[in-house]
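These are the structures in question, set out in turn.
You will see chain A twice below: alongside chain B first, and alongside chain C after that.
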Partner chain A sequence: MSNRWVIETYDLTKRYGKLEAVRKLNLRVGASRITGFLGRNGAGKSSTIKMLLGISRPSSGSGVVLGRPMDNAQQSRESRRHIAYVAEDKQTYAYMTVGQIIAFTRSFYGDWDLNIEQRLLRQFALPFPRKVKALSKGMRTKLALLLALARRPELLILDEPSEGLDPVSIEELLQALITAAADGTTVFFSSHQIAEVERVADHVCIIDRGRLVLETSLDRIRQDYRHVTFGFSTEPPPVDFTGESVASVRIDGRQIAMMATRNADAIIARLQRLGATSVEAAPVSLREVFLAAVKEESDALV
Partner chain B sequence: MLLTLNPSSGQPLYVQLIQQIRHAIETGVLRPGEGLPGIRTLAEQLVVSPNTVVKAYSELEHEGLIEVRHGSGAYVSGKRSNKPRAERLRNAQDRVRTLIDKLQRDGISEEEIQRLVDAELFFSTPAGRKR
Partner chain C sequence: MLWYKAWRESRMRFLLSAAVLTFLCMSLVYGARAHFPPPERPDLPYSAWVWANIYGNLNPTLFVILAMVLGLGGLQRERPVGTAAFTLTLPITRIRLIIVRAVMGLLQVAVLSLVPAMLIPTLSPFIAGQSYPETQSLQFALLFMTWGSVAFTVGFLWSSLFGGEFTGTALCVITPVVYRILVQSTSAFQRFPAANYANFMSGMPYIQSPVKVLIVGPLPWTTFVVLAGIATGFIAIAARITKYQDF
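Right after this comes the complex of A and B.
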């Protein structure tokens, strides 16, 4: 199946009592890409992932994962055979040893890849006879990743995989994700580590208070997003930015600063015609894009 | 091949890769027939999405600078001689050095020169998109 999107949701909503954790979310995740899923704590990332996996049911709205509708129990089970999931809490089967849990999981999957299993065992230096509960957090994550990748999933979903890992383990984790992506697996992972997302992801989806506030490629952020600061030698003229792709405009004395999300050169030319005497333009980091996107009144960012 | 990517430089990573590989070819650091790492190897080494390498390689292949062979990495194309280009670059470097010397003698600081050059490059191409 070579659909363009591996995940598509339509007004996906999850309510817990009065709380709306996910509100009319329209999320799209492209095939054969690495997509980062960013949001503050409580923004609805985990609730969204649970619905995508069929672990919890949407309160309203719908979605399609790997070409199969989420709300059809049988179809959703079928698509789950091609999805692997690495959860935030990897405490399951704590009483088994590393060797036992690998053999146990392998028995469920006919297309289990022994080469990947052996390669990752070596690469991660996982202790075969040790009980899962005696593993460090980093080791547990690597074990979960091995169990996920040896199945050669079409889609790999990870919820905060690097949480609590040391920098070396994070590097190994990211390398394993890249190898999986090179093998054709679509990777969708949530993270608070914006720098790691900025480095490995092709695409980012940012959600805030249960809604999608930005979906774009890292290439576009690097290429088109610019911090631009204008200086004027007199009182700056009133400038109307409606219709322009700018966010977070600030005016201070004779300076105007903004984040342009496209056509920075046209905006610069326009303000120079209005008498700007100095112009400074600088690239925008994903961290800054994220902060602007989750700020109150974050409109006009796309 | 030693490559360094800067995720926050304001240039897509694949463009940075293209520039560094092109520069290595133009200056003779990489010669015709010499190999480049495969897509998977380079992506793992740089810890970037394989798509970044795919995009860079296919652009370089399109320019005729490299040839990508399935399963065995990429090679610097032997089709054209890059020598004149290397000479032109050395020549350009001399001219830049002369200009900087002159500006410094006129009392312009290093930082100011940097700023002037950046501004010129930024406005000469759409949104500072360098090729």
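Right after this comes the complex of A and C.
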């Protein structure tokens, strides 16, 4: 896995009137990985993606995509030669047939791979002569994926790719992402479907209210994050977790429940010294990490 | 392939406009077979009949509206349809998108202005038993093409600001009517006859015989250049607006 960054943003901000959709976002996405971009509805995911692709302009801040500044029109056009984008609604020109939209898109990319095109046409069973407007959402997603993958992009960006799809289509989509990443494409996709992200992603970036609240690898979550519950025979002593790698703490009667993000063993040892009579440590799911991250952000704003 | 896209997106409006103009020309020549010359004006020249039915009266306004409607579409229209993101992530600049669509539209305006020039001189002898000079048709076509191009670019400019399906169409109907009233009621415009598109397109400043209603004398080439400059200016404004727009 490479440490090269394909996406870097510096204090990226997008305002719509008084609403700050993206706030001083400092995002880094590594090459040859699948990175999930998680956030609630309206967290700023789509606004960020649109700025990365030059569809909208940042209010302030800047960014670099595939080594080129995203706010320079010529440079952005050059990087778009190597980027494929699948939008949330997967709309292409409704008046064209599947064959026409493929030929249209192919004409812009010199390194279009006809073998990939033919393979995906067969795999997705796309009806060549059918008009795009007559395709189901699942078929439109497959067509969008074909258009994205046949150009052999360095970076594939998808905005809520599984939105509105049935389970079979979601499965095919996720498989396509895994295959693309295995072929060397960096995949960056936004979602609020945590289970999907957990299944395919190597890394996650969690955004809430326009701010990046967590950026980590799934491996680190599996290895280091622990949900730990301490039981005490009496009222628990006051414990200062300042400086500890603790994402959340809840005291409930004689119990302290916490999410440790690192060094769970050291924290367990410390609380045992303080009189904890029972300890239960369990792995943490991405869902719990996500909820803790966005709750922390919400609490900070209260 | 951008040309193909521009053609497909404007094709229906272009073909409908061509059908409207063809219908007008066919009505004229078939009407001439039955009703020309009118009993009350047995000495009326056929050229005056053609002018009254095609190049004069309200037809310049109709042509201006058709040209403006051709200017609609583009990225603002793609936004509610959901294809703007697909278009904007292609490896092309917004300026190139604008130029291709503008050139396609201007070519369509040129073709539309040639519809009467092709049909009337060709069909009149066969259907109405009358003749109409081709040179006259081509001169009127040039007048229609020039102001039609300006009208197209105004529609083009509106389309860079408004994406709604009905907003753009409504503006294309309202703008020529309001503009015509403004020009006719403002004394400052009287010094520039070409500012009045209806006068200009119907050839009024260049017609010397009110009976034959034929264009005499040199065409207003300087005015053509000025109007072409205005049309280019509108496209440049639309391009600048589009360049900095968020989608």
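Here is the rule we go by: the second predicted complex is superposed on the first by the 292 of 302 C-alpha atoms of A that agree within 3 Å, B and C clash if a C-alpha of one lies under 4 Å from a C-alpha of the other, contacts with A are read in each partner's own complex, and residues count from 1 in each chain.
Just so it is clear, a residue touches a chain if its C-beta (ideal position, glycine included) is under 8 Å from a C-beta of that chain, and two chains touch if they have at least 3 such contacts.
These figures come from a predicted structure and were not determined experimentally.
Q: Return first, second, both or neither, reflecting whether A:Tyr85 touches chain B, chain C, both chains, or no partner chain.
A: second
Q: Tell me which partner A:Met96 touches in the superposition: chain B (first), chain C (second), both or neither.
A: The answer is second: A:Met96 touches chain C but not chain B.
Q: Could you look at A:Leu174 and tell me whether it touches chain B, chain C, both or neither (first, second, both, neither)?
A: The first partner, chain B, only.
Q: In the superposed arrangement, does A:Arg152 touch chain B (first), chain C (second), both or neither?
A: Touch partners of A:Arg152: none, neither chain B nor chain C.
Q: Quick check for you: in the superposed arrangement, does A:Ala182 touch first (chain B), second (chain C), both or neither?
A: first
Q: Should A:Asp224 be classified as contacting the first partner (chain B), the second (chain C), both, or neither?
A: first
Q: Who does A:Ser107 touch here: chain B (first), chain C (second), both, or neither?
A: second
Q: Show me the residue ranges of chain A that touch chain C in the complex, using the header's touch definition.
A: Against chain C, chain A makes touches at 50, 53-57, 73-74, 77-78, 80-81, 83-85, 87, 89, 91-96, 103-105, 107-109.
Q: What does chain B use to touch chain A in their complex?
A: Touch residues, chain B against chain A: 7-15, 39-40, 43-44, 47-52, 119, 122-123, 126-129.
Q: Spell out the residues on chain C that touch chain A in their complex, using ranges where they run on.
A: Residues of chain C touching chain A: 1, 4-5, 8-9, 81-86, 88-94, 243-244, 246-247.
Q: What residues of chain A sit close enough to touch chain B in their complex?
A: Within the complex, chain A contacts chain B at residues 32-34, 171, 174-175, 178-179, 181-182, 195, 198-202, 218-219, 222-224, 226, 263-265, 268, 279, 281-286.
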